[in-house]
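What follows are several structures.
Note that chain A is present in both complexes that follow, paired respectively with chain B and with chain C.
The block that comes next holds the complex of A and B.
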């Protein structure tokens, strides 16, 4: 087929316009991420609110070129102020808490803003107004290109330039860069961190709002924008290198152009393209395209942790009491509660395996659903194609996932901090897209059905006991690992890579093994999960599932071994209770925010602070 | 400080336990129906859907309920996740003791519930999920569906499309099961009727992440004479706007699934496409007495006009009421037998739940889009009865496990 030159030019410019839209969302995130190291999940919500506010402001100001651009800038200012409000009221209280806790707090904000937006802006999608003066198209050698695309292509570098000047030519910019490179040092030198953070948060939120407002003529405003945007924004930031604004632009251009030309060759590629790019870039360049090793990476992205102690006698007694309670549960409660407890136990095992990586291992994963969902799919595929009995499937699933974890781990352990977390996310997304796209084998998003337990375990009470035995067994084995020499080595690897290296321990091998162990147990949880549900769908491998596990760990508290269990129980139970009401996301979001503020160490962590001495060993 | 925190925590826990318990205390003499829908997402469909069944509930209970008892709906949000839907289904049948399940939007949620219904021998009346598998490949004794399936809607459009002169076609559909099925069915039926038709290009944008500009260029590059579009909601809005700006629709016939539904057409306002061949719901133009009555009651109750979701929600609960009335029992086997072959009159016409595959014969409106007073509408539409767009009984038996 003969394509004209005009076609290629327009395709290139279209890609560039897409890149500009991407960059506008990502630059604000890069700024916030770089300085405060807050993984701001609410960034997508700011973007969405920016779009809605601009839509209504432009309508309110009536027609005219002035109204359009004034509406956009004003909307961005409004969103910037919302950002400041959230920073001052919520995030500022958490700067002392582990950095990951911010992630949880901002997730609460996402839920709250989602429901508030629906309440304020309505349930229907809105189509954005066209930009006055830029409503038509230009003809490039016989192919039409919307004028607004040209405007976008110009706006993004303009903002990049302004940000560059701001960061490189003003005193404020110098302080921001100092904080990006070494927060503690700039703090020690007397820079007012509080004010700096607030101003950065304002600018970051402003840019998110601007991004949402500016894309109006390309699309509009709807309630799915927040979560659809946030992952993309993070990918651009990480591919570009955290805190590097030019890097974000470069990453946006690469992703935009690959997307634009990719659809010509392989239309389905849009599903996973971004994550493939991220995986390739991070494997080759562990700090992103233009990121520096110093920025954000050497500062550990993990929870500071107290020294773990083996269980004391009193704690063991408490555990025994819990076991007895679990044993007699079927007599005390109805069948549905048993189903819910089964689910809680499986999630507890999965989040314990994540904790094993995060806490003692010091490796945060944003892609744990790959292991959980992988286990579920491994078991389901075995049953579906080979008629494997449940017992064998539940045994094989963890082993297969362990292998998968070993492969993913091999790539990931060479990275650290956020970069490692994002690489796990990339691999999880790649796994997800394979399952999603390969419909002939995996059933695609129609899933695999009729994966029910063997006859003897089909009774809910029997399955409950089976799950409890395997989950509690798994959790205790993971706990046991933490106190073996392997566990101590893992903790050493976390605390000082340099020293570990100098005494001749193979750091990468140990971390790889930790990945595999975590994978095995997440796979076990997933393998059992599929039999409890009877079917499996790709969403068990998707990003929200990964973050569910992360939130369970954080909710329970990262400093204690039983945190993940309490977190899984609280998370699952809260969801079940609250989702009966309208606007439940708002309520759940408020509860999460309150919990984070009240218990910055998580539920068990806080109990530990208050009652810890009671349970401590007497002879200490 | 720490003591206050503990008190706060205890208070919160207490409130939650209490709220959970009060929810469990309900009037005993009602017939409870479990309703599962994705209320936290896709609200442009799901909220009108809720209005629809609420209207039906009011009408049913004002007329004295069913079997002398009022109906009670326990409505839950599945958050768009099949796993969550299964947990909720367990809770509804085991804790809330509902007599049957109805609802759901997404195909995968619908399929998870289909399998759950089969396993637990619970009646499940699917409202919206369009997947063909629901009544065919995964069909079972306990699952029924109201809405015309992907195959039926694609068949209606393919029937109309075969009358068009266009030979060179291109398709664009969201990259997930619904989009894939809708394209496959359309291609198959159209090519059977018109062997001269060729499909030149296809695009598969990720759902709600359409890369409209680039994908439209790629389609235009194949110089098609007609386009078959399956994108909807925000993807559709972007597709329409970019397509217009890039002069893509000039001289091209567009056949588009669901685009005539108010949920997706109304947000486009004065940019709604003109002359597209679509399926939809022209509520403003349907003058049958049954629909007029429904429209007036809906407007009175909600001070708003109905969407497709409203009619689906209304019809699904009406179907449930009719089946209970016919069965005169809440025993699952008796209800299944009552629903097989059940016929009732709905605002859109007579509907029968087929015995052979448990698919209802509810149809869809097919027409052309047009602009009227700055708003997209459907014109020259006709109601196509679902029973005319299903494969032969022999083929259905092959598709469905016996």
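The block that comes next holds the complex of A and C.
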């Protein structure tokens, strides 16, 4: 294709058109976060459902200009109502709960909506209908631009204007802004929070649905839209600045143009480019381009702050009993269960390493799969290209991931709370897109195969013992670290940045090291995992995997040292039970939601409340 | 005598508010210097400028002969500066003892150690500090459940952990009863005399100030209005106006004679 001026203009306009849908979904996310402090992961799902519902509504209304636009608006209203339903039935019960649990409930909704969409709308990608009257193209100096793109370009500023009026010129808007800027203040003013939250949820979901619907003629509808969109919307919200609607537009345009022009320069790495921009913006302007320091920074995902207690005699006895059970397991169960137990042990180690960051470190990572998957890929690549023996690969993988974690950590520790969590997600997506898009080296979607253990460890029972030794050893070492000066320093950094600084401790440096330590152990788990499976695929680095680990930690309870193990066991067992059924994501999502509602302290946390006295130290 | 702290023409504004306006003073070793002034006078801002938490708009700060403008609090701490906060700031998930141990771990450059358990590190040294400030009996309690006055003592123990030469205490006796206040200030004077350190403190109880301070500086709306010995300050007309005229003084009344 000729690179004339017209070409560049069209490329630019395409970027603007792409920005529109992204802006709509991002500003919905931003509005909901601002008022309710919920990071709504289901927002991408709202977007996806908006596209599907619009497709069927437009088809139902049959032809005609009116039908098209009516279908789009109606689809957005339907999605808005779905959002209200979720808020009223689920999230409203959780407003007092820790932010992370709310986040998790919304991830449950993602899974549920994914499977429901597959069931209702089918697994095939749908091609969107054309907009009547806008089906043609305009010729810009020799290059064609679809007319519908022009409509898209106009819609975003229009909505931006309407939102601005709504937020600045109505009483409702003033309440929304007050709640966003100062939650306690608006509490004190006696604003009816419940109604405000519900209405904001409606508007936010409506905008997401509208975004999905208007991009239908361009992008159609498919089942991958939910997670792809939520990741992009995060980027837009964070780059633009949490809570800033003009910021969201600016960022959407930047991301849109980046996609449009980036594909010309780096056709293989458009995803990497987007997340790289986010990382750079956050390092230079930690609160986003137009964001203010206040909004969002407070959401710190704080775990309960209990004084650390060494394990009591009874707890040690319980641990010993478990060890004996693990030792004799190969006699009791078959190979199949041994493989499952191996997997549980590795996930337990990985989630313990996440807990190490989250609990004592107070740093939530949405991207722990980067470290786990990174370890798996590091080992697999070593074996595949350098014929490295297993022993060396399992040793090198954690070190390489530790290095990776140190680099990622260096960026992330400049931020805190949700911003930090989102940056970890961004970096995990960078890692994921590298292995996904760089097919020649990593095998891309097909993964790397035939990565088997050394001869001596190839027996399932031997490998079982090897895994148990390394993962239980790793878990105990991590637990020991929590009681050492470094572990205490991490907790000090979590408790009070001000105090830490005034007693001469470099907070960023210690947090960065905590990233590295967590990375080493997650990398060890990943390195072993690849040998237990014999292969590795990009899924090990993808968002759902990161959330698996988060869920294991939360399931166990963030305030307990052995929670992650219980969480990993429960989750992996559960996953194994349901993953053979057809709609397992639906089931898993429902379980997530129910567990969060029933046990806001996690399983072990809840046991702690009931049985804590029994296991407590008697000498205090 | 060496100058511990020299503040020259210090200024800091927040938006339109000139919180600290052209303030200069000095502090020598072995001296207890009180900074007084009504609420909002800029006292805490002065503290934050001196320990590096805030960056001054203008002026210079010299601690032990080193210019510290723009240095981070942790670097200022390394020069031998301890500080307590107006609103107490401790590690709430740790016990009283562990809070002090944390400061000692930092002082002994052990914060990155992954080998020994904290339970056995610097316990005696920490207990000595806790005994000094009078809360050794509460050493095993979590800081999160302590009374406010006790937290102030924990902060003092933490601030003393790096054997500071300069101690900055922002309202060290807030939340304490009158008897406890004088007792804590007597303790502070004793530390000043025996260790030959310098203390800059703020305090609303004028009895405490005039009994214990060697020198006093008075701030009002960010400006330094008077400085000198207690009797000089007491005789100062401007100071009397600030304290008597407005009637807004928190704490006890200004002792005129």
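Here is the rule we go by: the second predicted complex is superposed on the first by the 583 of 620 C-alpha atoms of A that agree within 3 Å, B and C clash if a C-alpha of one lies under 4 Å from a C-alpha of the other, contacts with A are read in each partner's own complex, and residues count from 1 in each chain.
Keep this in mind: a contact is a pair of C-beta atoms (placed from the backbone, for glycine too) under 8 Å apart; a residue touches a chain by one contact, two chains touch by 3 or more.
All figures in this text were calculated on a predicted structure; none of them were measured in a lab.
Of the two partner chains placed around the shared chain by superposition, neither chain B nor chain C is touched by A:181. Contact with chain B, but none with chain C, is seen for A:579 once the two complexes are overlaid on the shared chain. Look at A:447: by the touch rule set out above, it reaches chain B but stays clear of chain C.
Residue contacts after overlaying the shared chain place A:87 against neither chain B nor chain C.
Among chain B and chain C, the chain that touches a larger number of residues in chain A is B. Residues 2, 5-6, 8-9, 12, 16, 19-20, 23, 39-41, 43-44, 47, 76-77, 79-84, 86-87, 90-91, 94-95, 107-108, 111-112, 114-116, 118-119, 131, 133, 138, 175-177, 180, 202-206, 208-209, 211-215, 217-218, 221-222, 233-234, 237-238, 241-242, 245-247, 263, 266-269, 271 of chain B are the ones touching chain A in the complex. Taken in their complex, chain C has these residues touching chain A: 51, 53, 72-74, 77-78, 83, 85, 89-95, 98, 101-103, 105-107, 110-119, 121, 140, 142, 144, 158, 161-162. Residues 305-308, 310, 480-481, 483-489, 491-492, 494-496, 498-499, 501-506, 510, 513, 620 of chain A are the ones touching chain C in the complex. Residues 1, 3, 7, 10-11, 14-15, 17-18, 114, 118, 123-127, 136-137, 143-146, 148-149, 217-220, 222-224, 228, 259-261, 263-264, 267-268, 270-271, 334-337, 339-340, 343, 436-437, 439, 444-447, 449-450, 452, 529, 533-535, 537, 539-540, 574-580, 582, 584-585, 591, 594, 598-599, 606, 609-610 of chain A are the ones touching chain B in the complex.
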